[in-house]
Amino acid sequence: MQLFVTNVLISLLWALLTGKVSVGNLAVGFVLGYVALTLLHSEKEERKNSYFRKSLQIVRFALFFTKELVVSSWRVARDVIKPLPEMRPGVVGIPIDAETDLEITLLANVISLTPGTLSLDVSPDRKTLYIHAMYVINPDDLRKEIKEGLERRLLELLR
Amino acid sequence: MTSIIFRTATRYMFPPLLVFSVYVLLRGHHYPGGGFVGGLFAGSAFSLYALAFTVAEARSILRFDPRDITAAGLAVALLSGIPPLFSGNAFLTGTWWELPFMDLGTPLVFDVGVYLVVLGVLLTLVFALGEEE
Amino acid sequence: MIREILVSIFLLAGGVLSIVAAVGVIRLPDLFCRMHAATKTGTVGVSAIVIGMMIHFGNITVTSRGVLVIAFFLLTAPVAAHMIGRAAYRSGVALWILTRIDEWKTHGEMEQDD
Amino acid sequence: MFAFLTICFVAALVAPIVHRYFPRHTGAVLSVAPLAMFVWLLTQLAGVMHGHPVEQGLVWIEKLGLELAFRLDGLSMLFALIISGIGTLVILYAQGYFKGHPQQGRFLMYIIAFMASMLGVVLADHLLLVFIFWELTSFTSYLLIGFNHESADARNAALQAMLVTVLGGLFLLAGMILLADAAGTWRLSEIIQRGHAIVEHQHYLPILILVCIGAFTKSAQFPFHFWLPNAMQAPTPASAYLHSSTMVKAGVYLLARLHPALGHTDEWMLILTTIGTTTFLLGAIMALGQHVLKRLLAYTTVSALGAMVMLLGVGTKYTIKAMAAFVLAHAFYKATLFMVAGGITHETGGETSIDKLGGLRKAMPFSFACALLAGLSMGGFPPFFGFVAKETWLHALGDHPLLIAATVVGGAAYVLVGLSTGLKPFIGKMPEGLHAHEVPLSMRIGPMVLGLGGLVLAFFCGTIGHALVEPAATAIYAKPLEVHLHLWAGFNKYLVISLVTLAIGTGCYLARPFFVKVAERLRPITRFGPDAVYQLKLNSVLRFAAWQTRVMQTGILRDYIRVTVLSVVALVGAAFYRAGGFQRWENLSPISPRIALVAMLMIAAAFATTYSKSRLRSILSMGVVGYSMAMLFTFFGAPDLAMTQLVIETLTVILLALAFYHLPPFSHGSTKRTRAIDVAIASGAGVMVTLLVLAALHVQTPTPVSDYYLDHSYKDAHGRNVVNVILVDFRALDTLGEITVLTIAALGAYALLKLRPGRRRDALVALPRDSGEGTASTKEGQP
Amino acid sequence: MEVVLALVIGVLYGAGLYLMMRRNLVQLIIGLGLLSHGANLLIFTAGGLRETGAPILAEGEKHFAAMPADPLPQALILTAIVISFAVTAFALVLFLRTYQTVGTDDVDRMKETDT
Amino acid sequence: MVELVCPLVMLMLTVAFAAAFVRVVIGPTLSDRVIALDMAATIVVALILTHCVQSGSFYYIPAAISIALLSFIGTVVLAIYISRGGAE
Amino acid sequence: MTLLPSLPITIPLAGAVLCMLFRRSIAVQKAIAFCTSAIILLTSLCIMAHTKNGTIAVMNVGSWQAPFGITLAIDMLSSVMLVLVGLLAVGVSAYACFDLDRPRMQLGFFPLMLILLMGVNGAFVTGDLFNLYVWFEVLLTASFILLALGGERQQLEGSIKYVALNLLSSALFLAGIGILYGMAGTLNMAELAHLVQEGGRGGLVTMVAVMFMMAFGIKCGMFPLYFWLPASYPTPPAAVTALFSGLLTKVGVYSLIRVFTLIFDTDPDFLHGMILAGAGLTMLSGVLAAAAQYEMRKILAVHIVSQIGYIVMGLGLFTKLALTGTIVYLIHVIIVKTNLFLVAGAINRIKGTYDLHKLGGLYKEKPGLSILFIISAMSLAGVPPLSGFFAKLTLIIAGLRAESWLIVVVALGVSLLTLYSMTKIWTYVFWKPAPEPLPDLDPMSKGKWFVFLLPMIGYTILTIAIGVFAGPIFDYADAAAGQLMNPQGYIDAVLGGAK
């Protein structure tokens, strides 16, 4: 966290130094700072790990999520327009590994944001997440897809 | 009505919303916004909290009774009209002091009063309605 | 020019997605399906337009606020959907007859409403 | 004059206090006030006699031209002497009559106030001042008639008397204002000098009629006479005073006073003689069948008042003299008889019918003496003043055989009544079970003085005629005249008529049981008299009032809204029509598709709110209207507005939803017909608004104010957002008001939610400890 | 444009009034809401419509380059909106309490006070 | 180019808004209406933002944020209302 | 001058804020409320001293020049209204301190009352049309709440009608303001008057004028728009009704007078004729409605309508004398009506009912109260030489001089029926013996009773004093009417008097 703040400060400093506060300039500053910090903190494994690994994971997750978003948006959109929609909706319970409130919430949100799935509720024992999905060919496949894809990456990112 | 998801989202949204409300308040003189919308934002944040948790909890994090906030806001708005009187001007004449980072004027103080009133009013209403059995 | 094209693409994407959502909201057979269309396509559509706007203005003020708008939508839209979906399900809104499976019901663990 | 009037009013005010400190001599103490007046009047007599009126004035309301102007001339002198003189005696009498009565103080207060007002009427020289005192007499007489307020009859009679006299008063007021405008002055003394101008004024006839109605109601002329006998519910001192000698004569006084201004025309003569004669005869005939003491007297009073009006109506110098003399005579004998009647009733334990009285001469010798004196005077027996007056009267009517005939009929009735009240109760055998004793001293003084007075006056009638009657008649006639009254005017045809009248009257007295029987038979007819008309009128007004209330105040809000909207549409429509529709449109901006689309949506959403069985659908549709509004605001460059509109719209929906937990779904439909009507009304309103907006469009919109805001917002008010600057600086006062509204709305909502009748008791217990939060702090609620 | 908006205003007034003439309390309040929308739009329209920029002076500028929208009607409407919100909120609570006390939300049956 | 696209997008959004409105009206369940209104609010946000692009002024962004926040709260309140069995 | 005209607004607001801040202590609130009322009275007397020679006190709030900022302008009519508000405030707050129940006081009666006063004062001093709307809303909202506070069934039902119809009026008012702004581009009443006089828009002005007439007509309870009044006024506690009767409808009348003398004097044949017709129907309808009632408070409440008719009659006649009458009538009726409601409240306090059929015998039992009642009642009925007489007299003279025969006939007839109503109360409550003995619900010692009656005694003395010292009052009213008939002075003072 400290490193992140330092990085932001560096980017601001860069913007001030160059005398131009714009998105592009700040981004440049941030990248420069990131690189600089990577170099600076090469020996301190522990801390470097958390910040730099996390940041990479975030980027990876964001890319994955965007891909999912676009792909399934397309699928839903196509289906909506089609004269005879090929939907197989269903309510599926997914056993979750997420434990803390934040984890559960983010997971549920991410699932909801992904087109085709929608979090309905968490069971009272917080072990199962019930979702409504547009295309349930086989519930177990869906469960696996979500656990392996979204949940794993998300928890990886959070822990 | 407890939902982990809703509660958690609320817990994380609450502080930024308050910050945002103050931002809207302070920027209102130059950009869209101002005391009224700012106050509504702040009030909405607390209302959200009351929805996600309980009215009692929302009351406890608010600390003050909404009615006191309302009265205080009205008092601030009224008092903001007083300073010009000392310089022989009419009630509610804008009086400005130039500070290094921004201009501070009685109209802004007035807007703060508006903010407080709106916050207090909204919460008075929402809390009372929420407590209605 | 490239910027203009980019802006146009994002804006149009937003518009099209909204239309799709609209059609979905009208056409889809049950509440839950319509929710898919309404919340998500709407969200993505707004995000597209925000991105278009951010590119169009390209200044810090707009970008920061645009990010805020997107973040806000990403945070709230699913929660809202969850609340509605849950409420609707509990209040007994019927699923579409072609709904294949309802594990929530079969698990029978419906928590008592407070 | 002013001082003495003030003394009288002050005496009235302090009466209850005097009663507290001198409970046994209240009347004696208070009678000093009228006595003072009386004495002062006597000191002025010489001057007035020689044509030097006393005048006094004080500006009261300059802008209305109202002055406290008083003027004492011959006419005023005659009346003022009667009023203050008899007033003194009546107050003394009342002391005995109300001995030990807890409310004696109040009674004296009312009657003295009445007396003072009456003096005001006759002394005032300003039309409005006359009216003011006139109304005061109505009001004080209301209190007096209703003095025995626990009796429903007394209350009704009081109300009736007041309504009738005040009604007349209102006519009078209108007449007076017109009169003053016609004469160009409010001063009576000046008005009576401008008779020509007034008589020729276009408003002469209205003025005359209005004034007459006022005077006739007060003086109980037909057809307003009915209130007077009913007013006998008043305690006897009041009757003796009000209904014999004073109040009822106010009308006569006024007509006499205005005779120079309004008289000497055919209209005057026609109206006054017709009404006066009718009243004279009617009162006399109706008196024949009465057996209740006070009613006998009341009907003859009505009759006497008719006679005075009749004489005034004829309007020759002779009739005017006769009238003035008769006023004096009547005051003496009628007051006496009333007081005696009161004494009899008082001392016999409430007996009022002469048929159940008799043989009181032993028990009440003083009363008998007084009654006999007055009764004979009333009957017109010589050598009483009543006889003198009657003689003058007959002389004056020499050219009017019909009126003479009427006088004979009336005179006979007077004889009957005079004997019935002055003689009948005292002679013969005392009925079984009747116990009586003589009245106390204070109740003897009045009858004695007045009864003997009737005799004394007759012997000094020359002097009296010269000193009192002549100045009065001169004032009425407005030209100098001389009055010579004689007890013995020689043997002529009028004496014969007089004697014939006495004979017939005595005969009638002997045949009285016959008249009583006839009256019994005829009673059903009286149901159709003016009294019944009064009741009918009053009831129909009340019925109409009830009907109106039923129609207007249905209690149904929707009706109220309908009527309100319809009125608005109708009246604005009328204005629209008057404005000649709307002019051509200019400055219209082109229609852009997005706005047209939003507008269509708004229309659809508005219809959706109305056309809905589901309340949620309604409010959500309203939400759509709000969102559309916000879009319009966005398109037309109003970001603050759009933002606020959106927030408020959503908040409204939220609040509605919170409230819906506790409210039922829509369940009350309307019939098709009702809905059709409402659609018509609502569409009318909608069309009206649309037309208004369209009509407003052709007008150029100058916006100097807005230009000023745009120019000065940043420069002088340090703000770039002009709308916000307007809100917090240019028009901050609006915003101050606005947040006040917000504050109290919340306060009110809170109070309503926390305080309800069912919870009141708890709240009462819980609140003092805590802060007035009801049960809020102890409850943990959450949706 | 103004003609279209005039029509909308008329419809809002008409619909609002129609709703106020219904028997349910909630419809009354919705009617009031539509009425205030109508009034606001009327001020907006009568005040002169301009599809131009907002009356906000851009950063760094001292004068408005182009004529922006008229700010005064906007401020007036803002005030009116807030006031009508306050009143609506109170009316809502009032109606709620009335329903609980009287036992009906049928306006036609609330006629104890008149006559 | 943007000048051409913007009106088009706005038109599309308005149509979408209309569709949402239709769903508000036809229901059939309360949840449908609520979801539709939520979507309508989202579309208004989109519209406002598009208007920002078209008019070149970013003053309307706070409006967009407000509506996002408030419509969220509104939806939640209505959801709670539904789940507590509130009548239509 | 930079301060004085704003005080009628700020002082009650400050008092209200203090009350809200001290909401835990009723005793403190009582003290604040009473002191504030007294200060309001003193301030308004100061203002009157300043304006009594015809000066118009002008203040530009925020120091913004006349048509741009909000201008407060106080002429003689305004200042007399302010004084009346002060008088009312002092009496009613004293009465309320004594009479009101605890929960109502705890839940904000005093701040609400003060804010009501603020709104009323604001309406009287403002020279800006939209600002007038704002003050209307302030006082209306406060009155809504005061009306409903307590939550009894009748109160609530009455409030609903009151709220609905008054909001209807607000919508109308707002529409009128919008169109007027669209036409003239200003909200300043003086400038509006100036622009309207320049002409060219006659027809539209007349239409807008009618809208204002209807909007204010609802607020002041004119025929046939007064429905809300009988439905709501008789429901709250006496102190509240007294406050309402004295102030609310009068603000409507004041506004009517203000705009129809200042701005809309362009088409008097049509507009003032319409007002005159409305006045006649109003007084007739109101007095008939009262005649049908058998509940003391309802009779008094419904009578407000007929008195409004008299007041408006002066405006309809539109002569200087008629306006003088209107002003005198306003002065008279505010005091007398308030007093009658307080007396009715006192009766209710000791007997627990307003029902004429149940009451009785108070003439014997409470002679002091009887005197207080009969004086005010007779004043209302127009018995000379009490205040009501001169007011009615002036109007009738004005009517006769204007040759408006019909309105004079109506005015006289209504006056008779008013007398009937008042004597009805007198007969039933005071004279008639009680059908069943009613115990004294709140036996008070002599001293306490006297203190309780003090406000009423004060008003009664005022009633008499107005009659006795009618001269100076007429001088004042005449000068005020002169100002109204010649609005140029007002216009100049507002537009030219800016600094």
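Remarks
Labels A, B, C, D, E, F and G are assigned to the chains in the order they are written; within every chain, residues are numbered from 1.
Just so it is clear, a residue touches a chain if its C-beta (ideal position, glycine included) is under 8 Å from a C-beta of that chain, and two chains touch if they have at least 3 such contacts.
If you want to know which protein each chain is, UniProt gives these names: A = Na(+)/H(+) antiporter subunit E; B = Na(+)/H(+) antiporter subunit B; C = Na(+)/H(+) antiporter subunit G; D = Na(+)/H(+) antiporter subunit A; E = Na(+)/H(+) antiporter subunit C; F = Na(+)/H(+) antiporter subunit F; G = Na(+)/H(+) antiporter subunit D.
What you see is a predicted model, and the numbers here were worked out from it, not measured in a lab.
Steps from chain C to chain G, minimised over paths through touching chains, total 2. Looking at chain D and chain G, the chains in contact with each of them are B, E.
When the C-beta pairs in contact are tallied for D-E and for E-F, the bigger tally goes to D-E. In this assembly, the chain whose C-alpha centre lies farthest from chain G is A. Chain centres here are Cα means. That of chain A falls 34 Å from that of chain B.
Separating the CA-averaged centres of chain F and chain G is a span of 47 Å. Mean C-alpha position of chain B lies 26 Å from that of chain F. Mean C-alpha positions place chain A and chain G at a centre distance of 67 Å. Counting partner chains per residue, chain F has residues 15, 17-18, 34, 36, 55, 57, 59-60, 62-63, 65-66, 69-70, 73, 76-78, 80, 83-84 touching two or more of them. Shared interface positions of chain C, defined as residues touching 2 or more other chains, are 21, 23, 35, 39, 43, 75-77, 79, 81-83, 86, 113. The set of chain D residues that touch two or more partner chains comprises 549, 553, 555, 557, 561, 565, 615, 635, 637, 639-640, 643-644, 647-648, 651, 654-655, 658-662, 664, 689, 693, 696-697, 701, 703, 705-706, 709, 720-721, 723, 727, 729-736, 738, 740-743, 745-750, 752-754, 756-757, 771, 783.
Remark: the chains found to touch one another pair up as A-B, A-C, B-C, B-D, B-E, B-F, B-G, C-F, D-E, D-F, D-G, E-F, E-G.
Of all residues in chain C, those touching chain A in their complex are 17, 20-21, 23-24, 27-30, 32-33, 35-37, 39-41, 43-44, 54, 58-60, 63, 74-75, 77-79, 81-82, 85-86, 89, 95-96, 98-105, 107, 109, 111. On the chain D side of its complex with chain B, the touching residues are 639-640, 643-644, 647-648, 651, 654-655, 658-659, 661-662, 716-721, 723-725, 727-729, 732-733, 735-736, 739-740, 742-743, 745-747, 749-750, 753-754, 771, 776, 779-783. Every residue of chain D that touches chain G in the complex is listed here, in rising order: 59-64, 66, 106, 128, 131-132, 135-136, 139, 142, 146, 149-150, 152, 155, 159, 162-163, 166-167, 170-171, 173-174, 177-178, 181, 541-542, 544-546, 548-549, 552-553, 555, 557, 559-561, 563-565, 567-568, 571-572, 574-576, 578-580, 689, 692-693, 695-697, 699, 701-706, 708-709, 712, 729-734, 736-738, 740-741, 743-745, 747-748, 750-752, 754-757, 760, 763-764, 767-768, 771-772, 774. Interface residues of chain E, counted against chain D in their complex, comprise 1-15, 17-30, 33-34, 37-38, 40-42, 44-59, 62-64, 68-72, 74-79, 81-83, 85-90, 92-97, 99-101, 105-108, 110-115.
Note for the complex: chain C touches chain F at residues 4-5, 7-8, 11-12, 14-16, 18-19, 21-23, 25-26, 31, 34-35, 38-39, 42-43, 45-46, 49-50, 52-53, 56-57, 61-62, 65-66, 68-69, 72-73, 76-77, 79-81, 83-84, 86-88, 90-91, 93, 113.
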